[in-house]
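Next come the structures, one after another.
In the two complexes below, subunit A is the common chain; its partner is subunit B in one and subunit C in the other.
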Partner chain A sequence: MQLRPGVAMAMAALPVAVIAVFIFYPAIGAVLYTLGVKGAVSLAFTAGATHQVFAPKGITLAVYTGLLADPEFQRDMLVTVLVAALTVAICLVIGYSVATFARFRSGPLARWVTGLYLMPLFIPIVIASYALVAFFQPGGWLTVFMYHVLGMKPPPSIAFTTADVVVGEVWASIPFSVLVLTSGMTAINDDWLQAARDMGAGPLTLFTRFVLPLTQLQALIVGTFTAIGVLGSFTVPYVTGPNAPQMLGVAMDAYYGAFGRPQQAEAMAVMLFVVAAIVGVPYVWAMARARASARRS
Partner chain B sequence: MAAVPVTAPAVPGTPPRRAQAGPGAWLGTVTIAMFGVFLLGPLANLAVWAFSQTWFFPSALPTVWTLKWWGYVFTQGHLTQAIVSSLTLAPTVTIVSVLICWPAAYAIGRANFPGRRFVTVFILAANAFPQFGIYISLATLLYALNLIGTFPGVVIVQLLGTLVTMTWIPAAAFASVPRTLEEAARDAGAGPIATFLRVTLPLAAPGLITALVLAFLAAFDESQGTLLVGVPNIVTMPVMMYSLVGGYPEPVAAVFSVMLAIPSLILLLLIRRHLVQGAFASGFTLI
Partner chain C sequence: MRARTWIASALSLLMVGLAVPAVVPATAATNATTTINVFDDGDTNIQQLFLNLGAQYHKLHPNINVNVIFNQHGLDDNSIYSRLAASAQAGKPAPFDITDGSFFSKGAAAGLWVKLGTKAVPNLKLVNPTLIRDNLYMAAPYRGSEVVLAYNSATVKNPPHTLAGLVNWIKANPGQFDYCNPSDGGSGDAFVQAMLSMGLPKATLTALQNPNKYTASIESAWTKNLQNLAALGKDIYRHGYYPPGNTNVLNLLAQGAIQMATVWSDQSTAALKAGQLPKTVKLLQLKTPFYGGAVPLYVVKNSPHVAAAEAFLNWILAPKQQLFIMNSVSGFPGIEWKYLPAKARAQFASVEAPYFPGFAGQYDSDLHTDWQKVVAGASSNG
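Let's look at the complex of A and B:
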């Protein structure tokens, strides 16, 4: 069906309108609210709020400076960024291992492995988090294993630590990494690899000189979207993490709900968005470059 | 129209390979085996909890097994209510998402129009916001509209999480349908609607089904926004999990987890093949 440009634009406008109304419009109000603008959000919303700062005129950065000077917030922000960075690193290692395996092996084992690695995509994240706590807590299978096989008495437990959070984030992010890297590897030409092999290239050379450079874009996609997902995550750190330091997703929930400080919670969200936007820069840049080179050729 | 010869486009670079020659094969195998345990272990551990009466450390399995927690879940009215909420909300959200996203996906995949790139980037940008920030600010709007704690309010919050997959994956699916097949159908006398229904749609089906399943799961699993916007009237299964953990005997949460995981795992088996073939990843190179 050939669409006229006007019709196509109207069709494409639907999700754009939904996002504009339900994400961008309230987000603008929320940002103004964190800048101390009166009347930026509904009164019903701010009814029970405490610690609110409003500028008598114009805007104020008091909410932000207050948070940035708070050592607890500094620590939470640092932990959030560190967990995201670690998760990305681990996901890339696992993602490349599984994708390479799936690309260069065939048969039932390869199919079984890729199926296994997609599974977390289908397990609700709250269940996965709970299962990880059950697995790691004293009495869980990991401690039972360490007790019987490794002879650790008593066995250590990482339940409710930041390490548990990282494991949970990795668990949840693996399918995306594997899917994107696998699709990148499928596109690698077999003849090139065979030619390189004939010239005497070993597995390591093949990986570093062919697979890695040819899947740069996919690695960037994995890194960017995994990092952004982890930065804003809530369920994994909420269920598996310690009370302090908290990831910002959990801190926001506490500020919004228990502490009755929605203005601070929103300000944290705005700062997280700035971090996420910075993380996204290389991806946007690489996409623009790929498009430009596609146009030239 | 069934006579139109439909041959799938050849996928380049996927002939069967000799097993031993791949780069990093051995290192990969060990890593994979290790992390396979790490993926399955926790879930298996949880599943055993669901049948446990007495279980003391350092026993690897419960000393007394039971089925009583499964019956117990169904005696708790609010638990069954959560199951009903989940099973009505997720399909509703999926249908609404189809109506909103698929026309746009078709336009993005098949037509060149001013602002096409802006639309794809705009939809993606919405996903780059930290989710919790979106949910709180959305809550301010839903308060103003009196939609807090209502079914439509929760549909809106869950819908937001489906927009990217439901636009990008179908757009890539529509874009990949060879135009020549459609033209052949037209030449053979099929009208535009018949061509769409009998040529375009079946060829785009793997991508569309993948998107449908992912959207359903996104809605079914969504807990954070639903918790924030749905309280106190709308409680779904994942939201109920928050209060089950810690608030009930441990096996109850385990039983609930297993029940919540079953529909998802069935869907996994249905679309695994399409996912592996790249229907999912293709969307990310659209912009």
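Let's look at the complex of A and C:
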């Protein structure tokens, strides 16, 4: 059913207006604040803030250059991006394993395994973070196991390290990747795979020449949304992570509140947004291409 | 035809519905019920405290309702403060009238709170005048707690009583002491402030405690102490892991992972009472006490019920209510100890001490930043 252009515009007008007023307008004000424009945000909001930089006229990049020159910020940004990349890689590996297993070995076992990997969806992330700490910390289950069963004295513990953060982020991101990849697998036609097998293709060839290319878009979706989610995450690094280096979500919260430097916190947010936007580019390009080819065919 | 009757009846119902509120205020005006909105951002025990105080106050003054707005652990504090500041800027009535929220110094800098005087709040005379002056005459402490040293008396036979003694104990017992991230909890903040204040001249300390003047350059006085604190990190639990919050440190103490920690007196006493800490854990205060958090209670300037809020605040400062508060939350009084009944005073003799003011808001913020850079960065985890 085709809508008249006027009706379609009217239907879209309300959500666009909501986004424009409640997201774009304050976001533009915040960006101007980070560029040193006085009065871009309410003065009562910034009362008591320290280390603010305002330009006498126009804009200044001093806040950004200051942050970029700060070795702590550089380290935090690096760790944030690394954790996101690692999480995406591990999620894709595990996601493809589960999805491929479920696709080619249908049955109760496959359903159980898939269901198990969807469990993290139902467990609040705060509880999961504390559970991870209790599991990994010295005196927790893992170290007691390593001490008594494996005889490691003293047993190492990854609690309160960046490794623990990666484990937590993977744990939280697995369900999404399993869901999307299993749904992508259903689009692969059994006949093609049968034909390829008849021609003598082994499992590895099937995977690399058929499964991977046919689920490209799904892998891209998993990668993009997992990465963007991990880039801005707070709870897992806050509870399970080290004091330094911090992920940017925790650092931004500290700068905004405990450090009394909202201008720097907002500048960090802008830079993180730029990184996330760059991460989103392949996805947007792929979606546009998919839509264009669908329109053509 | 049917559609039209539907619309007609709907419209008439709407008219009636709109007319009702026009009638109701007339009846409400004759009752003159005032509702005081109290905003609190602490833990659930403080929420319960205000609910109890509100119920008691309502019994005494049936025409006044006390409504408690609660935001646990101050998670939404930033947005709530922004809303309040916006209402003040727009000249609209504030969303709450009286609060003990953690954004006192921010709002004081922006002029959002009422200046309290002994005419409207006579019980201000019972409070230590230094504390009122430190709060820029805009707040009165209504309860308090001090940061104390908690230690496991089963494993620590001779606990230290001075800060220098504590540092020596930490070095002699690596991994057995911890304090929380100063940005996330006052118990860690107090320890860091005490360490940074070691050996500083009195004039510098007074300047750091002064909320009226912020000169970033005087912070260079604490650089050496900060580096010592960073070096001490290798003898801290897990070679320098500082948990994010007061409760996490109490958990470590309860699990036996550490034997000594800086904790809030009210939080740890309540935990001991509830059996969350082993009975062998004891509290002591150092010769030079860690800072006390005298929690300020203050009235919002653009509140629609300033006089009622001030009367409520005055009632809270009375010795009877102060005793009730102390027993409810295992805390210290906001008024001076000498105004409490002698029997109650005797109970707290071992920890009774005047509140030690901490660094003023902006210096404390810079302390958090410097600590993160120097001390957290030095830890060998990551």
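Miscellaneous remarks
Definition applied: the second predicted complex is superposed on the first by the 282 of 297 C-alpha atoms of A that agree within 3 Å, B and C clash if a C-alpha of one lies under 4 Å from a C-alpha of the other, contacts with A are read in each partner's own complex, and residues count from 1 in each chain.
The working rule: a contact is a pair of C-beta atoms (placed from the backbone, for glycine too) under 8 Å apart; a residue touches a chain by one contact, two chains touch by 3 or more.
All values reported here derive from a predicted model rather than from experimental measurement.
Upon superposition of the two complexes on subunit A, a steric clash is found between subunit B and subunit C. Applying the stated contact rule after C-alpha superposition, one finds that A:243 touches subunit C and leaves subunit B untouched.
Within the superposed three-chain model, A:42 lies in touch with subunit B and with subunit C [touch as defined at top]. Contacts of A:263 after superposition: neither subunit B nor subunit C is touched. When the two structures are aligned on the shared chain, A:226 is found in touch with neither subunit B nor subunit C. Once the two complexes are laid over each other on the shared chain, residue contacts for A:87 go to neither subunit B nor subunit C.
Applying the stated contact rule after C-alpha superposition, one finds that A:101 touches subunit B and leaves subunit C untouched.
In the superposition on chain A, contact of A:161 is made with subunit C only, not with subunit B.
By the touch criterion defined above, A:50 lies against subunit C but remains apart from subunit B after alignment on the C-alpha atoms of chain A. Contacts of A:252 after superposition on the shared chain: subunit B is touched, whereas subunit C is not. Taking subunit A as the reference chain, the count of touched residues is higher for B when subunit B and subunit C are set side by side. After superposition on chain A, the stretch of subunit C whose C-alpha atoms clash with subunit B is 80-88, while the remaining options among 8-16, 80-88, 98-106 or 350-358 stay clear. Residues 42, 44-45, 138-139, 238-239, 256 of subunit A lie at the contact with subunit B in one complex and at the contact with subunit C in the other. Partner subunit A is touched in their complex by these residues of subunit B: 11-17, 19, 21-25, 27-29, 31-32, 35-36, 38-46, 49, 55-60, 100-101, 103-104, 106-108, 110-116, 119, 122-123, 126-134, 136-141, 143-144, 156, 159-160, 163, 166-167, 182, 192, 195-196, 200, 214, 217, 220-221, 223-224, 228, 237-238, 241-242, 245, 250, 253-254, 257, 260-261, 264-265, 267-268, 272, 275-276, 278, 280-282, 284-285, 287. Those residues of subunit A that touch subunit B in the complex are listed here as 1-3, 5-9, 11-16, 18-19, 22-27, 29-30, 33, 41-42, 44-45, 93-94, 96-98, 100-107, 113-128, 130-136, 138-144, 147-148, 167, 171, 174, 179-180, 182-184, 186-190, 197, 202-207, 210-211, 217-218, 221, 225, 228, 231-235, 238-239, 248-249, 252-253, 256, 262, 265-266, 268-270, 272-273, 276-277, 280, 287, 290-291. The part of subunit C that touches subunit A in the complex is made up of residues 77-78, 82, 85-86, 88-89, 105-107, 109-110, 112, 181-184, 214, 216, 238, 240-242, 244, 255-257, 361-362, 365-366, 368-369, 372-373, 376-377, 379, 381-382.
Put simply, subunit A touches subunit C in their complex at residues 42-45, 47-48, 50, 72, 137-139, 159-162, 238-239, 242-245, 254-261.
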